[in-house]
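Before I ask anything, let me first share the structure, which is written out below as structure tokens.
Letters A, B, C, D and E mark the chains as written, and numbering starts fresh at 1 in each.
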Amino acid sequence: MTVLLEAHQLSRYFGGLKAVNNVSFQVNDGEIFGLIGPNGAGKTTLFNLMTGLTPVSGGTLHYRGERLTGLPPYRIAGMGIGRTFQNIRLFKGLSALENVKVSQHVTTKSGLWGGVFCTPASRAEEKRVDEKAWELLHLIGLADRATELAANFSYGDQRRLEIGRALALEPQVLLLDEPAAGMNAAEKRGLTAFVREIRKEFKLTILLIEHHVPLVMNLCDRIAVLNFGELIAVGNPADVQKDPAVIEAYLGAE
Amino acid sequence: MNDFLQNNGFLIVTMVQQALLAMSLYYPLMCGQLSLASPGFYALGGYVAAIIGTIEYFAPWRDSLGWVIFPLEWLAAGIISGILALLVGIPALRLRGIYLALATIAFVEILRVICLNLTITGGAIGIFGVPQLFESRWSYIWTFGPLLILMLLFSYRLDCSRVGRAFKAIREDELAADAMGINPTRYKVLAFVIGAMLAGVVGAMSAPFLNTWNARQGTFDASIAYLAYVLIGGSRSMWGPLLGGALLAALPEILRPLKDSRLIINGLVLVFASIYMPQGIAGALGKLRDNVGRSFGFFRGGK
Amino acid sequence: MALLELKNLSINYGAIQAVRCLDLEVNTGEVVTLIGANGAGKSTTLRAVSRLLKVREGSIHFDGREITRQAPDAVVRMGIAQSPEGRQVLARQSVLDNLELGAYVRKDRAGIKSDIAKMFQLFPRLEERKQQSAGTLSGGEQQMLAIARAMMSRPKLLMLDEPSLGLAPLIVLEIFSIIRNLNAEGTTILLVEQNAKLAMQHSHRTYVLEAGQITFSGLSHELLLDERVLQAYLGG
Amino acid sequence: MKRSALVTLFLTLFAGTVCAENVTSPIPIGIGVAQTSNVALLGEEEVVGAKIAEKYFNAHGGINGTPFKLIFQDTGGDEAGAINSFQTLINRDKVVGIVGPTLSQQAFSADPIANRAKVPVIGPSNTAKGIPQIGEYVGRVSAPVAIVAPNALKQALKEHPGIKKVAVLYAQNDAFNTSESGTFQETVKKMGLQIATLQKFQTTDTDFTSQVTAVLGANVDLAIVSGLSADGGNLVKQLRQLGYKGPIIGGNGLNTVNIFPVCGQYCDGILIAQAYSPSADPKNAINAAMAAEYRAKYKREPPQFTAQTFTAVQVFVEALRKVETVTKKKITQLDLAKVREELNKQIRTGSYMTPLGKISLDQEGEIHQENFYVAKIKMDANGKTGSYIYVK
Amino acid sequence: MTTAQFLQNLLNGISIGSVYAIFALGYTLVFSILGIINFAHGAIFTLGAYFTYTLAVGQFGINGLLSGLNLDLQVPFALSLLIGAVLAGLVGVLLERLAFKPLRTRGADSLLALVSSLGVALVIVNAIQYLVGAEIYTFPSQVYGDIKPAIMFEISGQPVVVRTVQVIIFAVCMVILALLGYVISFTRIGKALQAVAENQTTASLLGISVDRIILVTFFMSGFLGGLAGTLVGTSFGIAGPYFGVTYGLKGLAVIVLGGLGSIPGAVLGGIVIGLAEAFVPPDYSAYKEAVAFAFLFIVLLVRPQGLLGRSLIQKV
């Protein structure tokens, strides 16, 4: 098994607050890696560090041996790391179809003139983009609502669309930030199956932040637990679940 | 009809001209950037044309090239505006929202004061006797009109192209766009430069159209006027600035019969339009179309 | 009679239905807990009661009066105070100013003064820092300030949104013991909490919210033993 | 249905009739000056002059018995507004000629329009170089600064022969003042005087202490101020308040009663070269009539722009009369285009006895004015009102 | 630069800067509460001056609907100044109700408020012209009583002059600033105002009527704008309905320079720009109008939040 992502003593401080403090871990190629911890533990900050949205205060992050830290977000995305957001950051004023088309940006190269003058190359490219977008919309089950604005979708559908948008990047690594938030039990079950399916189909490595413990336990190959910005445990679900530090931090102290 | 054009030709061409200027704000706005720099580039373009058209140095060019000098003026204005836009845009576009708007207003004011004081720009009196491309004002529709059509086509194509999607993604959520692999700075600067070049070309076309050019052409007032064009017209589609620019430019003339109170009414129109058409004219028309469509049993979108 | 009564409440965020047909009651003297996952609609419910959100359908009654269409400041004057999620202390103002603003709806200067003294008694750490600007406080201190500030309006109903959010376990315990004290002194409390176990241990009744709907409700000590709730919230 | 309604609306708004036509009665003369925007400060004086002229000449028989009417179209303060105003006057209001616009910059923009439409224009206040050269239909009754301004300097030298060092101050962002100051500077040099300090300011300035201290520091014998009423008046006021005692020459921008309230008692003694003086020539009947009318209505002396606009209307009226004499037809029986053409010819012949004194327009349209005046401001004891006392 | 010149520039800069500060405070108050710029603030500045003029002098000129009217209300100047500013404040309240609140309740794009306030500015300015014409109105030089026009002294043989009007303006500005500082920092309403500026939701959870605080803010803003207008008007005359435009524009530079929404920032920005303008060498005075904006442009690029503004950290 090859190591795909390697975080080494990653830290981020906001003023005096240590949002992420000396966190080191490795993610293997092809695994589903869960990230859990109480609200405010620093999970989303960690995702932001990994995708370049927040600059690191210290430490390094490598992807396939290449250093990610210090790169702007669009470069990291261009290297094949896609993500979703905890508070859903779809392009709300654009249609579902456009949302999925937008993030094919890195896999296409048509420029201003190509697009405006409709050169054969850009027309061909546009056709591919369109086909791929529809394919993805079918996959996430929103093809019949392709032209509706993203803002008009329910939470669950928005989450799915966000995943679809991230997939359009043709990523090798997918970071999902609380994909099940706001979903009901049935939707959550569907999501579990869906995440497994896309891993298989797109040969993805998936990192996942999730609150819903059963879902995480069920889905993840390995789990890392964060508390107050520090990594308190990493391992397979069964082991982590038994860890007393994890129980205290996450399930609520007496 | 001829008589109608005689009476209103200038106004109609002005409407087209102002619509074009409003559109020059639309491109940065497509990226969510509220830039009010257009009057500056408009003034610059006008000076380029007026200077090429009047100073001694270019006399042999003018003589040998004939009317061809005019498209060359437009080209020169576009290029110079584009270069300046690049220089100003790269640092300025780090600013957001109202801060960018104010920085661009500052740019316009600085440029104005400089133009007011240089010899080559004719100081306060400006440059007059700008050579004419056409006799009648209405004929200038043959420069502004094709440009407008060109820009509409451009915008239409842009809207559904890769670059246009990147613009819109940045407008919707710059951070998410960044995380989806779009370089926001690059596209914001690109949009800013497109807007600036358009404003520059419109300026170059306007110098002969207005016969004269001076530092009063690109001012804070114009910045604010263009802002009103875009917001009253609607900022979400290219039709918004087009309608806003054309209609608001015509408004004081339409109100001319009201004599002394016409500008008071003009102000009231702005207030009421803001309140009752929060999505702008284009938005209001879109809603109207949707409602009409729905009542006939059509639904918007659908495949 | 119920102090607060939500009947058939539905709330939309844009096109999204955040809360659907919700019925909920809080009786005088009770601590009622609302638990659920992120995005389940807990905060939305509290915000609706504080009149920060438009109610699409249904009604809110407080103290025998309908407040469904009231303005936010009016319901504070009627006796509903909220300590919002993320604390939301006024970071640029001093601790003392925050407390004084908490009593904005009151006019009795003497009463306010004695209440501030009382709050300092309850939260001694705040007294030490009363001239400090609230933004410089630690997370736990800010949470205490937020609760104290809400108490300053002498509310009949205190609503707490995630008081344990981002706090160290010891401080969480401290906060919950304060909640218990406040209740013992007669304040009715509606509590939204992600630390389900703790919240249920400190409340009389619990509502479980899932995707905008109530899936379980009942006496807290009973729900604490309910397998389904455990399954949903604490994991297998 | 909707579209056709719109078209109808549009047409009714802008409707005009087609093909050649006769001049209507009363004969329409256009006034396109700034009635709004910040230029209206000047434009309002012009409107008053035009209205007095309309009343006066119609009372005196109009155009050989046919009355004329003035049609006002606001230019606003910008170039496009000036063009719009002119277009409206030319095409919709069918005027025989136009008085306007207020600013030289606007003239450079709008006059070519009238020139191409072959409609005579007389500028009431366009003093920049190059205005009459815009075209054969463009003329003016406002003498260029280069001719007017030096007179004040000569007068100052006559009163104070000891003058050696001169301070020149001007509003740099204003076209008129910049060029006027250029004339002053040339004249100063030509007369062998020394420019001890050259200070620039802006028409929008309100505080002139730095300029004034520079003037005081340079120890000058004469200060020459080219500014508009608000800024120029304030500058004079501050010069005096801060202790400048020497003579002050004001540019034409100060040649308005508008400065009295600005500099109050400190206005006293400013020398101003004028293209118009209300009290210079007691034998000038038309000026007496105009000034009397103005005084009766507004209780003060008529300003220069008022007189110049009156004059512009007068030139049109008299030229129209001549057109009737030459063509031996009533104006109203003539084709509009023909009237405009003939009118333009007549404007440029002969001379006119106007409130400005005797003037004529040459073939180019440039004014030739017989007399220029120098006035000294005399403030009343209350410091609120004053008058321009003719000195030369 | 000699000591005398330096001192002269310093005095001039502080005097005009204090007016900028007062004026810009009105801008920044509204911005701190609503996050938008009130383009009608320059028009209210003008209006304030006209209100005071009407009360204290009340003689109108030859143009406009009120031409020839002579009210002669004989209101003492200090009272006129106060009433004029209060009336300007009420116009501010009206402005909020007519042009800002409808937009808020309809949830419109906050930028539209720029347009509607621009519309109001157009209405005010042109209504003034419609009523009293575009001419210049000035206050009689004795409005402040029988004072000496200037104080003059010499430093190493070079004159330094302080106009008494400058001193009075400066003093009035300082009194107002102190008063405003007190109201905002120490009174119940001031604290509520700060709370609303910081977080409207939290403020309303505390029982503060945000709507009422907004009204109070517009009143204060209009009051300050109108007061500044009158002060400038007494010193230099009311140069027509467009007299506030330059101030409106420069005020923008001032508040951004100081930090949008920052009250001490507006004061600092005003003084800085006043000084910067005063210290422009006479040979470059042509570029004086650009100084404020050059400053603004540079500051924005280096420190986007302005001199005293809070840093703009974007929330991910």
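Everything below uses one rule, namely that contacts are C-beta pairs under 8 Å (C-beta built on N, C-alpha and C of every residue); 3 or more make two chains touch, one makes a residue touch a chain.
Given the structure is predicted, the values throughout are model-derived calculations rather than measurements.
Note on connectivity: the fewest chain-to-chain touch steps from chain C to chain E number 1.
Placing every chain at the mean of its C-alpha atoms, the farthest one from chain A is found to be D.
When chain centres are set by their Cα atoms, the one at the greatest distance from chain C is D. Rounded to a whole number, the gap between the C-alpha centres of chain A and chain C is 32 angstrom. Remark: chain D and chain E have CA centroids separated by 35 Å (rounded to whole angstrom). With each centre defined as the average position of its C-alpha atoms, the distance from chain C to chain D rounds to 74 Å. Chain contacts: chain B has residues 116-117, 175, 260, 263 touching two or more partner chains. Under the contact definition stated at the top, not a single residue of chain C touches 2 or more other chains. Across the assembly, chain D contributes residues 36, 172-173 that each touch 2 or more other chains. Across the complex, chain B meets chain A through its residues 154, 157-158, 161-166, 168-169, 171-173, 175-184, 190, 194, 236, 301-303. For chain C in complex with chain A, the residues that touch the partner chain are 14-17, 37-40, 139, 162, 165-166, 168-169, 172-173, 194-198, 210-211, 213, 231-236. Taken in their complex, chain B has these residues touching chain E: 34, 91-92, 94-96, 98-99, 102-103, 105-107, 109-110, 112-114, 116-117, 175, 220, 224, 227-228, 231-232, 235, 260-261, 263-264, 266-275, 278. Looking at the complex, you find that chain D touches chain E at residues 36-38, 40-41, 43-44, 47-48, 172-173, 199-202, 204-207, 209-214, 216-217, 229-230, 233-234, 238, 241-243, 258, 261-262, 264-265, 297-298, 383-384. Put simply, chain E touches chain C in their complex at residues 188, 191-192, 194-195, 198-199, 201-211.
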